[in-house]
Structures are given as C-alpha cells and as structure tokens.
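Here you go, one structure.
Here the chain labels run A, B and C in written order, and each chain numbers its own residues starting at 1.
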Amino acid sequence: MALTTDDVARLAKLARIELSEAELEHLAPQLDVILESVASVQQVAGPDIEPTSHALPLTNVFREDEVRPSLPREDVLAGAPAAEEERFRVPRILGEEA
Amino acid sequence: MSELLHRTAAELAAGIAAGEHSSEEVTRAHLDRIEAVDEVVHAFLHVDGERALEAARAVDAKVAAGEPLGPLAGVPLGLKDVLTMRGAPTTCGSRMLRDWHPPYDATVTRRLLEAGLVVLGKTNMDEFAMGSSTENSAYGPTRNPWDTSRIPGGSGGGSAAALAAFEAPLTIGTDTGGSIRQPAAVTGTVGVKPTYGGTSRYGLVALASSLDQPGPCARTVLDAALLHQVIAGHDPLDSTSIDAPVPDVVTAARSGDVAGMRIGVVRELGGEGYAPGVEQRFTEAVELLSGLGAEVVEVSCPSFDAALGAYYLIMPSEASSNLARFDAMRFGLRVGDDGTRSAEEVMNLTREAGFGAEVKRRIIIGTYALSSGYYDAYYGSAQKVRTLIKRDFDAAFERCDVLVSPTTPSTPWPLGERVDDPLAMYKADLCTLPSNLAGNAAASFPAGLAPEDGLPVGLQVMAPPMADDRLYRVGAALERALTEQWGGPLLNRIPQLQEVSA
Amino acid sequence: MTATVMGYEEALRSFDPVLGLEVHVELSTRSKMFCGCSTAFGAPPNTQTCPVCLGLPGAMPVVNRTAVESAMRIGLALGCSIADWCRFARKNYFYPDMPKNFQTSQYDEPIAFDGFLDVEVDGEPFRVEIERAHMEEDTGKSLHVGGSTGRIHGASHSLLDYNRSGVPLIEIVTKPITGTGARAPEVARAYVEALRDLLRALDVSDVRMEQGSLRCDVNVSLRTDPTQPFGTRTETKNVNSFRSVERSVRYEITRQAALLSEGTAITQETRHWHEDTGTTSPGRSKETAEDYRYFPEPDLVPIAPSREWVEQLRATLPEPPAERRRRLREEWGYSELEMRDVVSSGAVDLIEQTVAAGCAPQPARKWWVGELARRANESGTELDALAITPAQVAQVQQLVEAGTVNDKLARQVIEGVLAGEGSPAEVVEGHGLAVVSDDGALGAAVDKAIAANPDVAEKIRGGKVQAAGALIGAVMKEMRGQADAGRVRELILEKLA
C-alpha cells in the first residue's frame, strides 16, 4: 500500500507536528519506501508465535510505598518555558467544555 | 601532544593513585587536546573545564590524604549527551533541548561521579540517538579522526571520535540498534553494549525503551571492562534493571583465554552487501581466534533477515511515544507562543521547529505502526519477529559460547553520502540490531584496517544475556594477538590531526 | 441552549434504558503510583513532583507495591478474577496536564476482571456485573486564567500544577447494566454508594467525591425494548455526587427519549454534567475519533501475582458492608430506620468503636447521629473529621451515667473537646462543669432561694410539695445548671418540713 501525503498529514496531526506542504511532499515517498521495506515482517511469523514486548522475562518489580523527597520547586520550574504563581504557564488549552 | 594522552585509562588511574601524575595534569592535558582538535573533530557539544579540573583536584586531594580510590578515579571521561547530569546541559543533539539543564543525575552519571571519574563534557550524537553517522545532530556533525571527510558512525559518533582523537581515554555511549558498536567499529575503538538490564537506563533520555542500553567505550578492552564494572549493576530506579551480580568482566579482560571456547559465525551476517575489506578482516580475526584454541563453527539464524524490518517498526513506535513529552509545556524549546495561539498550536509549531528530519520520519512511522487498524500488521508482527530472533539466538547459544560477525557491513562513508537515503543509513545497523531486539550482550573490537581504503573494521562478538564477560575474553584475546601482529595498537596508525594551538 | 426533554414516565413507557458506570478511585497510598512523591491532598503547587511524575526526559517509573495490592483487593472484594499475568500499556494522547503525553494505564490486560456488586434499591436486591478493574495514574491540574468564570472556555492561558500527576487510580468499569427499567437512576446511585462503602471498608481510598478521590462517568443508552440490541450511548463525565449520578441518568434518559421519539439519532459523544441546571451538554466535538495507539509499556515489567499472594490478600478482605450492617443492626438492637440514619450519617464505624470503648449502642447512636452530626453539619465537615474520638464519646456518656454531668453539661463537655481543650475529664475539671451534690454548697443556695421566695416556701410548708419546682429552678440558676437536681429537691423538702 502506498502512503499518501494525506495519510502523512493525518499522522503528523496525531503526532502534533505542523508539517508544511513541501515537507509532506518530501516525506511521503521516503516514508513509503521505508514502510515497504519493513512490511516483510508480516510474512515472517505465523499466528502461533507469541509477540515479545520485553527483551528479558522479568516480572513483579515493585517499590515499597514510601515517600521520597520531591524536587525543590525552584528546580521544578527552572526549566519551564514560562511560570506564574508557582505553576507552569502554558498557552490556552483547547478545552473539553463547549 | 602530551604523552599522557596515549596512556590507557588503567595506566592513568594507576599513575594517579601512585602519585606519578595528578588527575589535574591528566585532565588538563585532555582539555588542551580538546581545545586543539575539537574544532575539527567536533566530538563534544559541551565542555566544562573548570568543573572537570575541580573534580580532578578533589581526587588528587583524596590521593594525598591516602583515602581509598576506585580503579578509575581521576580518569577523564566524555559523557554522551543523552544522559542527564546536574549542572550541565543535556541536549540529545536536538534544538528541542538547546539549553535544558536537567535537575537530576542519571544513575550512570551518579556512579561515574561517585567512582571519581572526571567528566570533561558531553559528547555529540545524532538527534535523540537516531542515526548512524552523527550527521543528524542539530549542532553539526562529528568527523572521523581517521579521515575527517568521513562519518564517525552514530548515533554515538562523538563518544567514539573523542577516543580516536585522544580527547578522552574513556567515554559513555548508548546503544539502541548499534549506536555504541558501529561507531566503535568505524573509529578503531572498543564499544560494548551490555546485556539489556545490565546497566541502568534511569536518566538516559529514551529513544526506544525496550532496546536502549548504556555502555562503555574505550581504546582498550581492559579499559572498557573497568568502566563497565563502574557503571553496571542493579538500579531500583530502573524497573528493567537485572537484580544479579555483574559478570566478572575485568577478570575476563585480563585473561583473554579463548582456548576451548566455541565461537559461532552467523551465516546471515555476511556475504552480499559487505565490503571486501570488512569480510577479509573479519575472516582473519576468526582464523586468529581459531589459532588461539577456539573452536569455530558456522551457525544459522534465519530470522535475522527480518530483524531490520522488525527493528525499524519497534524502535520508531516506542520513539513516537517517548518523544511525545517534548511539547513545549514544561521544559525545552517553545515556539509561537504569541498570546493568541492555543497550547495545541504551540505544540505543533514547536515540534515542527525543534525536531530534525530523521526524528520526524521516525515519529511518523511509529505513529503509523501503532495506529488502530495497522497495529497487528506492523507493531504486532514486529514483536513476533522479535520472538523468532530470540529463539534463533537461544538455539545458537546452545551450540556456541559466543557468536561473531562483522560489526557493520562497510567502513565509514563520506559525510553527506546517505543523509537523504534513510534505508542506506539503516543498513549500517544490520549486524548489530538483532542483539538489541533479543537483549543479549554484544561488543565491537578493532579488527584492523580495510585494505581497499585503510579505514577501520570491527569484529562484533555476541554473548548470551548476563554472559558479558565472554565478550571481554574474546576481545582481549583478539587485542593481544593483533597488537603483537601490528607491533602496537591500531590507533598508533591513525593520521596526525592538525592541532590549532598546542 | 437547553435540549427538549420528554417526561420521565413517558420516556420509560417507550424505551428501555441501559447503563454503564466507570468509576475512578484515587488510592490513599502514601506515595504515587510510579515514584516516591507524596500523594497528600492540598500541598502548595508543584511541591510534590519529581522527574518521574513531571515526565522529564530520562525518568523512569517503578510500580508502587501497595497500589497493586489495593487494586487486587478491590478486585477480590468485587468477586473478580485476578490476572495470572498482566502488563501496563501506554495510552498515547497529547494534553498539557499529562506530562508524558501518554497515560500509563492498563489496556487489554486488566489486573482484575469479571466480578459483581450486589446493591439494594428500595429493599430489592440488584446485581451489577463488573467488567474490569485496572490500574492507572492521575493527571496534573490546570487553572484557567483570564476567562470570565475561571473556566477553560475564553481563558487566555492556563497554569499547571503537577502535584496530582501520578497519583494511583483504579478504574472500575461495569458491564452494561440492563433490566433496571424505571429504577435506572436509583440503581446507578445505589451502585456508586455501595462501591463507596466497599472501598471505605477496604481502607484503600478516602472516597471523597467532593475532593475528587471518587469520580464517576455515566453511560446511558436507550432501546425500544429489551430484545433489541443496545442503542447509541453517551458518556457523561465527572458526575461528582451521588445525587448527581441519579439526576444525570434521569436527565439523559429524558433527553435521549425526546430525540429518539422525533426520529433523531443519538450522537455517540462525551457530555458534561451541569450541577446548577441539572442538565448535560456535549463536549468538544472531535473531528476524528481519538486513536490512543496503545502498546505495552516497555519501561515496566509484567505483573504476575502468585496464587499465594492473591490468597494472602483475600484473607485481608473485610466483611462485605451489607452483611456487616445487617449483623451490627441486630447486635445493637436498632430499628431499620435508626440503622438507615446511622449509615447515611457515615457513623457505622464510629458507633462500632464507641461501643467497643464501653458505651451502650443507643447512647452511642444518639451522640453521633444527633449532637455530633449536627455539629459536623454546621462546620461543613465529615463526621469522622470531627476532633473527638469514639473513646472520648464513650467517656462523655460514662460521665452522664455516673451523674457527674447531666445532658446539658455533657454537650458543653463535647464542645470543649471539639475546641481542643483536652479529654472529657479535663474539660469537666477545667470549666468546673461537674454537677454539685455537696450539701454545704447546695444548702447555702437553697437557703438563699427560700429567703428570696417566702410565699413559695410558705406553700411548701403548707404541704404543696409540687411548688418545690420553682425553688429548684432558682437554685439551678444560682448554680449555673451544675447542681444535682434530685439532691436539691431533697434539701428543700427537708428544710421546709
């Protein structure tokens, strides 16, 4: 299947990247070639093969429910692009409320 | 160039401990060297000489006070710019993090500092560790000290080039598909990817969480083992960290005894597409090991043919999610916040401006591979291939103690050659990425120079999970035999770099 | 804009409602789900955060064992099966209050699944089947600045506090609830109340809807009759009181019925509940359905609870709340009505502890559901947040029974305890509240009263004993209520005999 510029535009939107028309035109064929070359994985394993999500079979790794020191607030906000009233200041959020 | 620069880390540490030279002298010599050659090599993104010298003097004070020191105390080191360190920027080679100063130390960083290593600075890399040439760094490429018109490998080109250019005796790399081993191969240095879970990923800015692993980079096998020993071991802050003793890599590196060891040559990792000089040096290295008493057999791992496809689905999928946090809200770059735009618009603009082309390519591929309707065909199928690759490794390790292959199919190519040809770039990882998918240990050791272009070739050794010591045993055997054959280390043959002001 | 609605009775004549409830419970663990930051409510902004819950590059999660155990205990108490093996997954979507831009949650492998909760509506039992209970993490909180009402709409910018980010949540999802008929709103409310009681008994959450530690999303759909497939549903988000759960179901039924009966299709959407008007309104419409791109969380390893671990946890389960209430009512000899008051006041545990401290059940009930409930109500706090312990209530009652204080004085003692003046005995001592039965002090007061009321005294001398009441009142006034009324009467009669 071929990946169109429309597909790439939709994916870029999902991934929150503002791509220009020119960039879409440039990327779409590149991505299509990549996808074509990786698509062979579909032919390799049968339905009886279990997928592997983790390289090594560890289970049940926990920490005890103990409070550890948090970061000092100066450190928390030091890297913020903008801060106000001890909080991170961000542009208006397109909300859920109508 | 100071004579100290050619010493191994083990020698430098011994000299510091014995009071033959101070850590400050050693550190200063390396800072001078960086000053002299890094304009051209560009292995470092950030150097903090004052801080390094202060740390060096602290070690010297301990020596003077007769306090016990670790085996690498006082030795300078370069840290790949993907690991966090307080008081220094961590950029990951991205515009997105231009001035980001993390408020915490990575576990690897903390262990280095506690062991008295002196951090010179942060080394260059492909943006967010995506690439095999370090050309994807937003701050300009690193050059290969063997031929500065060529790539130093990637993503850890800075860490490898710093070693080859004698700017640091030790560096830290991270390896997701070959980012430690391929740069080591093309710069004639040693690079080890420990068993997944052998070294902590806490504070390593994730590319692909199920594949990433920090590891040691050095000019000698023993130096790599000593560094491995410092950074490895269980970390309760990393849930995937293995809670078991670290394999005795230092003893293995000192031994180098391969007599009776069964070495498997992987049939699928060679042949068509491999440079003749790479194949030749690989064959000679295997013969050498055979001559040292190892038993060489051929093994087949048929699923490795699908590894590249599986890797280039799993890695971008995880990356697309890991890189979602770079959204201009809490840290890093923010673009277009003019008081009228929404948070969503600012995110979109920032990610467009802050990420380079390769990062965008991978985020889009990953987003696609995980999206509803395509998950089973892409991500799901890739995870199944991962199962098959593990099975191939398991079967091969039934018959062999270690597996070997060339580290990468070619010697370093000219800068710019593969920049807009992602697939050609990806093929540099063909031999290395199966070990990331399976999680076993693997390393690259210098195997000589390719006759056709006089550029370095690496031998890759792969060992079962938590048998990292076997890598060092083979590496040490090879290093000893080849050094003898060559009449000195391979790096003695590297062309002199022009120093700007010595 | 207000939607057209149909009368409830009429709606139920034409349609059969189907419900679904998703309840989010904030666990009361000390630390967060994946890091050691405190979960305490109400701390100054961004003081309970670290690289992990801020989603800083390089940070990695580690699972809180107690949170997992709480999830399993909730699952077991709901009669669920516990997964032999399950993983966390990443739910990918961008939102500024979610630092990693993915939520670490569980997707197709919940830790607990297939259970039920029996509830009671008007004395009739009703079984609600549980689909799953899974673990996830909470988001940060945003403050919207510049809008007229502090709401998101019209705001110029927002301020983010990540103290809540990473607080452990358990999401409990029902299977479609059918067969309620007209009782749908009551069933929904009874379910959430029963779940609250169960979670409280398990001691895994503060379960305070007003603080957001228990949050409810309500799904409603209608079909013409029970043989039909399910209709299109709406999901009303963040319905945050028991009463609102009931009201929102009722409202959605009437709203959807009006649309369906005029031939308009229901839009599958998220809706918001408005407490003030008792109505719902549609959320921001999305051009495309969210694609969450779930995949197994590679930074966390799978959880595989051993049989022994599950059985250990099962052994810690409390008596089911309904059974416990039945047992206690019998033990305490309360009427159905009395017990219902006790339950709705949230006084069951408190009375149990008061009785355990030596108080009889009836006075214990009287104090908690009467005087103390009134004071909690006045100060707008929960009964169990009052600054008096069950043991202290038992002590107050002992003082009454010993005749040290009368009922009126006992209320003053309680006031003193609530004001932080110490134990009941200390308050009595400090204020000199004890009833005076010492003849010396009383005798003087009686003499004074007789002297001041010679005509009354004359009547008593003349045999009109009932007139003593007036003198007793005068003595009590003199003694500021702290006199033993019985002894005062005896003294008056002796002196005027």
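Keep this in mind: a contact is a pair of C-beta atoms (placed from the backbone, for glycine too) under 8 Å apart; a residue touches a chain by one contact, two chains touch by 3 or more.
If you want to know which protein each chain is, UniProt gives these names: A = Aspartyl/glutamyl-tRNA(Asn/Gln) amidotransferase subunit C; B = Glutamyl-tRNA(Gln) amidotransferase subunit A.
A quick note: this is a predicted structure, and the numbers were derived from the prediction, not measured.
Undergrad: Looking at CA centres, what chain is most distant from chain B?
TA: If we average the C-alpha coordinates per chain, C ends up farthest from chain B.
Undergrad: When I count C-beta pairs in contact, which pair ends up with more: B-C or A-C?
TA: Contact tally favours A-C.
Undergrad: For chain A versus chain B, what separation do you get between their C-alpha means, in angstrom?
TA: Going by mean C-alpha positions, chain A sits 24 Å from chain B.
Undergrad: Centroid of chain B to centroid of chain C, CA atoms only: how many Å?
TA: 55
Undergrad: Let me have the rounded angstrom distance from the C-alpha centre of chain A over to the C-alpha centre of chain C, please.
TA: For chain A versus chain C, the centre distance works out to 38 Å.
Undergrad: Give me the residues of chain C that touch two or more other chains.
TA: 50-51, 54, 62-63, 94, 96, 156-158, 160, 291, 293, 295, 298, 300-301
Undergrad: Specify, in ascending order, the residues of chain A that touch 2 or more different other chains.
TA: In chain A, 14, 16, 53-54, 58, 61, 63, 71, 76, 88, 90-94 touch at least two other chains.
Undergrad: What parts of chain B, by residue number, touch at least two of the other chains?
TA: In chain B, residues 100, 102-104, 210, 236, 239-240, 320, 324, 327, 329-331, 339, 343-344, 347, 367, 371 touch at least two other chains, as defined above.
Undergrad: Across the complex, what residues on chain B touch chain A?
TA: Against chain A, chain B makes touches at 100-104, 195-197, 210-211, 236, 239-240, 242, 303, 306, 308-310, 312-313, 320, 324, 327-334, 337, 339, 341-349, 351-352, 355, 360-361, 363-365, 367-368, 371, 377-378, 380-388, 390, 422-423, 436-439, 465.
Undergrad: In their shared complex, at which residues does chain C touch chain A?
TA: The touching residues are 29-31, 35-38, 44-51, 54, 62-68, 85, 87, 94-96, 142-146, 151-153, 155-162, 237, 270, 272, 281-284, 288, 291, 293, 295-296, 298, 300-305.
Undergrad: Report the residues of chain B in contact with chain C in the complex, numbered from low to high.
TA: 83-84, 90, 92, 97, 100, 102-104, 106, 201-206, 208-210, 236-240, 317-318, 320-321, 324-327, 329-331, 339, 343-344, 347, 367, 370-372, 375, 379
Undergrad: In the complex of these two chains, what residues of chain A are touching chain B?
TA: 3, 7-8, 11-12, 14-19, 23, 27, 30-31, 33-35, 37-42, 44-45, 49-56, 58, 61, 63, 71, 75-76, 78-82, 88, 90-94
Undergrad: Can you list the chain C residues touching chain B in their complex?
TA: Residues of chain C touching chain B: 50-51, 54-63, 90, 92, 94, 96, 99-102, 156-158, 160, 291, 293-295, 298-301.
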